[in-house]
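In the two complexes below, subunit A is the common chain; its partner is subunit B in one and subunit C in the other.
And now, the complex of A and B:
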């Protein structure tokens, strides 16, 4: 039986735990998405414009990461990094694993979008005298962005969902906090549902952000 | 009489195929040179080498006293730095067959980009200058349209405005009317004629023989990667010296 009164009561008691969990989830996801997108953009650039050796190396990186379950990446960045002398907190290890995962996906998205831009765009920019950096910033990226955005939103949402895996290395993100709360009050249905709703809200926010940027970058005269 | 552009022994290979097999030519200040020749003879490649859109394996291109793209030190030929090549590319302007306007920018913004990013103008200054050039190609009232909202002829005129706004020493036109519907060709040729009358130095690859005859001071006939024949248009078109040119002229309609 769903008892709203007792759920609200328990929620009030657990309010700080829920908030901290939510904050941790948002922080981890945001950091992973930001770093992953920056590195991913470089990955996409390397895959599209890099020399043969660089392309091969970066291709190996993305294929390896994409072929590995995220949970394995999470465990590896926590347990394996320490064996080579890099001691990361669970939070840091979690951000690293998700950022790496994110970068390989964003890299593919960026590569696809850049390769879809006609060669003439780069040549026209060169002919004016723009350097590669200027060409990328002012000619290629704005055009690629419109193709990147919808898929990028999906990837960002995937990162938020994947952040739940960090509970296995003891990061007190929303899911782990929720489980702790439930172990005290046994309101599993209510609290899992509530946590689910919070994840939905985060991802809905990402989607709104994506729509907003899409509107901002829309161009007249283009289908 | 010194030349603005001097090309000596230009050789260009794509892999193992040699496309330019030793091109020598010179262009004087304010001269208009038309380049004709059958498809695959190396006309586009020649222009692209001058603008360093293609690397080349041997020869020298000197523009206004500057060697383009390469330098030779201690007997070793080296490609210049990317930054230096970018600067040199701005010395020449290029208009392409496919216009290549930036689709996410308005006509005015297309013209402004180089002015703001390279000439370091403020947006206001750049806008004023862009409007002047758009007016010059007859498109001032289309300044805030995106390329997708313009006809092919209008797009090509914007592309020409974008190139000349950078005040290049030399303009390169590569078959700028071949992608246009016949009724739009005239407006673009008109713009080029105006620039020629203003004393702009230019090399233009064209299939419009009548136009070449009208506007060019000299015609170069490319044939199999070398200059087959060159001279003033009247002599070239009326009394071709080589069998090849005579054949080419016969096969191309003089419309």
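And now, the complex of A and C:
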């Protein structure tokens, strides 16, 4: 039933569509992960070291976002924002929704990692006269990073998969491009498998990157 | 502080969305003036359903819905290419109209009472229905033969909650095989696992157009559905304009444009409207 020749032929015809879709998926995921990680780190810091009022506000933000389906966030950032006069393109709205979602998850990861660091580290840093900024960058972050990485890889892969939801607001990402191709040539099984393989490659890349950073930050002798 | 801002930036729009905006807000000028001033039409449509709205091999949107948009663009600017397409899923058809993301949506939208309460429908441009496709020169010649065969026949259909009831409405005794993708229902017919395919007549027409001589329409249609474009409610000028453009494409000066599109996507030649007394009043 599987006809390799005709599949390869159709794939060649659709090569640009597939590449553009792949590029869009990678771009959206990368932007969401980068912004989400930056904001998420701040969220994690606020949750761990913020004052009571700040903690409460940020806690409300993370709980609200984590308790909302990504699809709802996507629709909200596209439709609800426009009712208050902020007109985002589907691409921007998609990046915003995924970045917000990512930040809440990274925030929790960072909070957990920071809280797992023994109190003595913070006290020692204070004792030798480091500012909070120096303490975070030189003492806490390097230790927290080892805790963060495995779960961060998980969240990053989740973002790539969540990017498929953006087809609802008309972002031509890989899955929508694949569906467009299938609607023309009816080779559904072949092209869905192919798209699945591409998603795997992206996520495998993220995993390799995570492993690489893990190796770089590993403490000798602690494996 | 930045965190606070983020939190409230999310909460505020949610609150606003809960308070429904007054529908009576009178538009100062019509959408018609706005579109003319902009110099191009913005139409919402999909990209994954042949022959309605789908991508050609060189990645351009094409299909019958697309041509309907071009008819309106031609009426507006004398140029069918002065149109910009907003890619949207079927779920986004109504929201994108009500939130002004598009001027018009033509995306094989079935006219229903519920939808007509949310948006304004134009005049219809196509009547969809379910049909049966057979192999040319096969065991059964047409619908009458299928019906006479009773229990002996098997119909392949796209998986759906209503699929079984839909087929039984036309062929009460036939066995129904549901498949979960479009290519499989056609494959079932091709390989002989099914005697006929039951699906939208437009899909059958498009499939047969691409494979001339291999298949035939059984010549029976049921489950009628009206397809029309949608615009925002409360702008009679704009609605009238679009209606006029579509009407003249089906009966007047742009008939050739409509008929050519109909031939391309459904493979049928349309007889020109009768000259003399207007066909609408017969």
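The definition used in the following text is that the second predicted complex is superposed on the first by the 220 of 223 C-alpha atoms of A that agree within 3 Å, B and C clash if a C-alpha of one lies under 4 Å from a C-alpha of the other, contacts with A are read in each partner's own complex, and residues count from 1 in each chain.
Note that contacts are C-beta pairs under 8 Å (C-beta built on N, C-alpha and C of every residue); 3 or more make two chains touch, one makes a residue touch a chain.
Predicted, not measured: the structure shown is a model, and the values here were computed from it.
Trainee: Quick one: is A:8 in contact with subunit B, with subunit C, with both, or with neither? Answer first, second, both or neither.
Mentor: In the superposition, A:8 touches no partner, neither subunit B nor subunit C.
Trainee: After the superposition on A, what does A:72 contact: first (subunit B), second (subunit C), both or neither?
Mentor: Touch partners of A:72: none, neither subunit B nor subunit C.
Trainee: State whether A:172 touches subunit B only (first), subunit C only (second), both chains, or neither.
Mentor: A:172 sits against subunit C, while subunit B stays out of touch.
Trainee: Where does A:138 make contact in the superposed view: on subunit B (first), on subunit C (second), on both, or on neither?
Mentor: A:138: touches subunit B, not subunit C.
Trainee: State whether A:127 touches subunit B only (first), subunit C only (second), both chains, or neither.
Mentor: first
Trainee: Have a look at where A:46 lands relative to subunit B and subunit C in the superposition and call it first, second, both or neither.
Mentor: Second partner only.
Trainee: After superposing on the shared chain, does subunit C or subunit B touch more subunit A residues?
Mentor: For subunit A, the partner with the higher number of touched residues is C.
Trainee: Given the complex with subunit A, which residues does subunit B contribute to the contact?
Mentor: 51-53, 82-83, 86-94, 96, 98, 100-104, 113-114, 117-118, 145-150, 159, 162-163, 166
Trainee: Across the complex, what residues on subunit C touch subunit A?
Mentor: 2-4, 6-7, 10, 12-14, 16-17, 21, 47-50, 54-57, 59, 86-89, 91-92, 95, 99-101, 181-184, 186-187
Trainee: Inside the complex, what are the residues of subunit A that reach subunit C?
Mentor: 1, 13-14, 16-17, 39, 42-43, 46, 54, 57-58, 60-61, 64-65, 76, 79-84, 90, 100, 167-170, 172, 176, 179-184, 186-189
Trainee: Within their complex, state which residues of subunit A touch subunit B.
Mentor: Listed in rising order, the residues of subunit A that touch subunit B are 118, 120-121, 123-132, 134, 138-139, 142-143, 146, 217, 219-222.
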